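What follows is a pair of complexes built around subunit A, which joins subunit B in one and subunit C in the other.
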Partner chain A sequence: MRFYEYESKALFRRHKMPLGQGELASSAEEAKAAAAAIDGPVVMKSQVLSGGRMKAGAVKFADTPDEAAGLFAPIMAAEVSGQTGRSVLVEEKSPVAQEYFLSVTWDGRAKQPVVLFSDMGGIDIEEVAETHPEHLSRTHFSSILPISPRIAKEAVSAVGVSGSDLNRLTPIVFELMKIFLEYDLTLAEINPLAKLEDGRFIVLDGHVDMEAEARGRHKALLAELGVQEEETRQARPPTEFEIQGRQVNEADHRGVAGNVVEFDGNLGLVIGAGGGSLTLFDAVRKHGGKPANYCEIGGNPSVNKACELTKLILAKPGVEKIAVMMNVVSNTRVDIVARGVVKGCIESGKDPKDVIAIFRIPGAWEEEGFKILEKHGVEYCDRSVSMYEAAGRAVAKMG
Partner chain B sequence: MSILLTKDTNFIIQGITGREAVNLTRENLDYGSTIVGGVTPGRAGRDVYGVPVYDCVRDVVKNHGAVEGSIISVPPGFTKDAAFEALENGIKLIVIVTENIPRKDVAQMVELAELRGARIIGPNCLGIISPEEGKMGGVGGPAANTRQAYSKGPVGIMSRSGGMTTEIASTLTAAGLGQSTCVSIGGDAIVGTTYAELMPLFEADPETKAIAIYSEPGGRMEAELAEWIQKHDSRLPVVAFMAGRFMDEMRGMRFGHAGTIVEGKEDTAAEKIERLRSAGIDVAERIEEIPALIQKRMQERKPERGN
Partner chain C sequence: MPGMFIDVRVDAAAAKDTELAKKLAEVCPVDIFEAGDAGVSIVEKNLDECTLCDLCLEAAPGKVQVIKLYE
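Now for the complex of A and B:
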């Protein structure tokens, strides 16, 4: 779950990281007041969850409070990867001598956290890694043994930084390592970390991602930052359909009907589970089908959950039929899913044999499941029909 | 032979009185696995399908002698402690089925396992099966269904998806190709054991003649596997299936497993397919292509070394 820049900085401020003076503005008047309080040139940054703000015109500079007021509206309107700002952060413009890059993230191969540090900050770090590898250090550290500042010192020193810069940077790097572990973050990044002309270091831009699964452990912090529980903070905000999908899942603890994502097509998908859904979605597209949604059912969902999900998908404008497909299931009962989707069709006022394009779920209790489908005249198949083929049969019925 | 698990492997189930764990106990016993005990704090003295329940792992060891493995099926907030308990009582093979465990907890379990010379499979996985020997976890479901999908033979399977492990095995079985051992390694961003870490075990197992893997976007695991195969000049032909190709068009969205979020250019489906192919791994477009690709590769396989 991604944090906005102002939230990342609020978290850093709690940990006494060095930050410039700044304030969040939600109107031109507030932007003017913030610039007046800073009493000097300011930088104004749109608060969006996506990078590339400068190029998109979502970051601008103002010398006077009046200028800041005038820039507020165009900054808010600037589109960054399809998003517009939720507010504007007004900060003092600092005289920068040099920019550094600092990031802490997980390395899935080493299975440990890693500090990435570079004295070539501000630019694309992947480019630095390719063209100047000696200017980017990677320093792993334990998630279980006590950590100490020497790890931070080694990360900074590894790119050739010494003298008072080394001694000023070490505590900043160490603090970020601690923040990373304490709040179950998947990314804690400062880019640029700036050295000012007077020799001090400050955080110019911050980027924090918290693990979605760990949100429950950090309720106090999230409440303090004003993060609402329904905010998913994905690359785009959830649609009404997706929010309803989440409600269907949460209304019943038995099984999973997760990751409901909306698409524009006419074929509704009741598919599962994690890997099976990815495989089936690919297969539908490969056959030229137009999925209306993505989802993942599994973990032995109740009749009610399968029924409610079916109803939600059938109610979506443009959906003509649904395909109910999974890989060979281990812990999901075929008969329960069959009963649920048939019930969902009937409760939506539709005949199951007309709207279920195909039912392909082989595995436990399949005989019982197939009996239910037969009774309602629904086309079904067992494991002798591949997932790819089943998707093709569904798409062929879409006219 | 097989890897990790034979018919003689004994193990326990932590969280054995939970709803899912009770099912697991029954399915694993029915398939012929040896479960010596279960652990649920406060439930000592009961039994689950004849398996005695204890409060602590220590008490199982005291009553039954050394324990080789454990399946952990407890809520996400308690999983790390359960894994630590297993590790500190000398258990060397841990299958974690629980999902939604934060990465930090996973990393801590994996790091302690490494310090203790133990191996973790999972989390968020369906476990291990050596067909006709035994299984450890929910893989395959009830014993009758498991026997329908899995059969003994020369193919090792590694999969980030539990369900797709069974789909692939079922497809192989239908084509007359059995399996040596199948491992559902889990779909999280950090897992206890990766493809590349299982390869030396398969390489050393004379029964295994080929490998099938299920793969999806996100992470660097395929790159690690490709490197391993090239570096060790593996005797085993590998066939991969890549799901989630559509995700290349939708970066930053979360689909599938927790590990399946595409963050950079290196972990897209297209990049992975290219990397696998350059290491000599066949990438199937559809599951049903896997058996023929494996048969073809097994026929043209280089002669066994040392023979």
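Now for the complex of A and C:
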């Protein structure tokens, strides 16, 4: 769940991170008043949930309060990845000597959080990683054991920062690591982290993403920030397909068959189990397949739930076949999912053997499930076929 | 009417037993049996949800059949 910049900064302020003076404005009058309070040049930033604001004209500079008032409407109207601003953050324009990049995120491969630090901030960090890898450090730390400022110091010094800059940056990096862990974040990023001409460091721009499932643990913080319970904070509003997916999931308490995300491919996916959804989605793409959707099934969904999800995916325009694939299951029953997807195909007026490209769900009650698939002529495989290979088989059938 | 994958049949005489009906309705985890004044009836829309747990068979030995239509 992504936070707006002003919310991220409110969280940083709670932790005494160095921030410039700023106010949130919801009208031209408020923008004018905020600029007047700052009493100097200001930067005005549209509050949207995606990057690329500068290019879209959603960030502008004003030298006077009147200019700030005049810029409010065009900034609010500027479209950034399909979104327009919910308000404008008016902040003092700081005299910057150098920009740094700082981020704490989760490294899925290392199964640990990682600090990414660069002395080349303000630009695309992927580009820095590619063209100047020596200017980007990656420092892992434990999410279980106590952390110390030494890790933060290592991250900063690894790119050659030393002396008083190192001493000033270390507590900022350490604080961000603590914020990342304390609020169950998936990303805490400051870019740019600026060194001012007088040698101080301040957070110029930053954003955080919270693990959506951790919302319940942070109700007090969310209430303090004014985040409403119904706000999904996705980068775009849900599509009709996604809304219907949620309805399928909510209509029956048994198991999960939801978290549907729409894509524009031709291969529908009924996937899940223990990280299986992401792995399988990636595998389909790696084989050159075009997923029509992402979804998550697990926790032993009922036959009806698997059936309704299958029908929803098959009804999506452009879907030619579906691939039913999961990691090895223990609490989800293979035969129950097999019944559901076969029934979904038949109720959609389609022959399961024609539309199920592959069924790869090994685990509990698989013999029973395989009997159902055999009866309907559906190609299936057990755990001797990897998820990657199964995805390849499905893609190969797409012609 | 049977389900697509499962059919459940109750012996005609046993189906009129209201006490047995209550027992079957209680043990089935997916509500395939409904107990009424006239005995037990089968909830057809739930037939395919049968978990093959055999609890109904244990509750009424020899009086209930759970049939896998895919075998």
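Just so we're on the same page, the second predicted complex is superposed on the first by the 237 of 399 C-alpha atoms of A that agree within 3 Å, B and C clash if a C-alpha of one lies under 4 Å from a C-alpha of the other, contacts with A are read in each partner's own complex, and residues count from 1 in each chain.
In this text, a contact is a pair of C-beta atoms (placed from the backbone, for glycine too) under 8 Å apart; a residue touches a chain by one contact, two chains touch by 3 or more.
Since this is a predicted model, take the numbers as computed values, not measurements.
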First (subunit B), second (subunit C), both or neither touched by A:368: second
Partner chain(s) touched by A:273 [first = subunit B, second = subunit C, both, neither]: first
A:343 touches, of subunit B and subunit C: first, second, both or neither? second
First (subunit B), second (subunit C), both or neither touched by A:109: first
A:302 touches, of subunit B and subunit C: first, second, both or neither? second
Touch count on subunit A, higher of subunit B and subunit C: B
First, second, both or neither for A:281, with subunit B first and subunit C second: first
Subunit B/subunit C common contact set on subunit A: none
Residues of subunit C defined as touching subunit A within the complex: 4-5, 30, 48-49, 51-52, 68, 70-71
Touching residues on subunit B, where the partner in the complex is subunit A: 20, 23, 76, 100-104, 106-108, 110-112, 126, 138-142, 145, 149, 159-164, 166-167, 170-171, 174, 187, 189-191, 194, 214, 216, 219-221, 224, 241, 243-247, 250-260, 264, 285-288
Complex contacts: residues of subunit A adjacent to subunit B: 106, 108-109, 111-113, 126, 142-145, 181, 184, 186, 211-214, 217, 234-236, 259, 261, 272-279, 281-283, 285-286, 294, 296, 298, 326-331, 362-364, 383-384, 386-389
Of subunit A, residues touching subunit C in the complex: 302-304, 333, 335-336, 339, 342-343, 346, 368, 371-372, 375
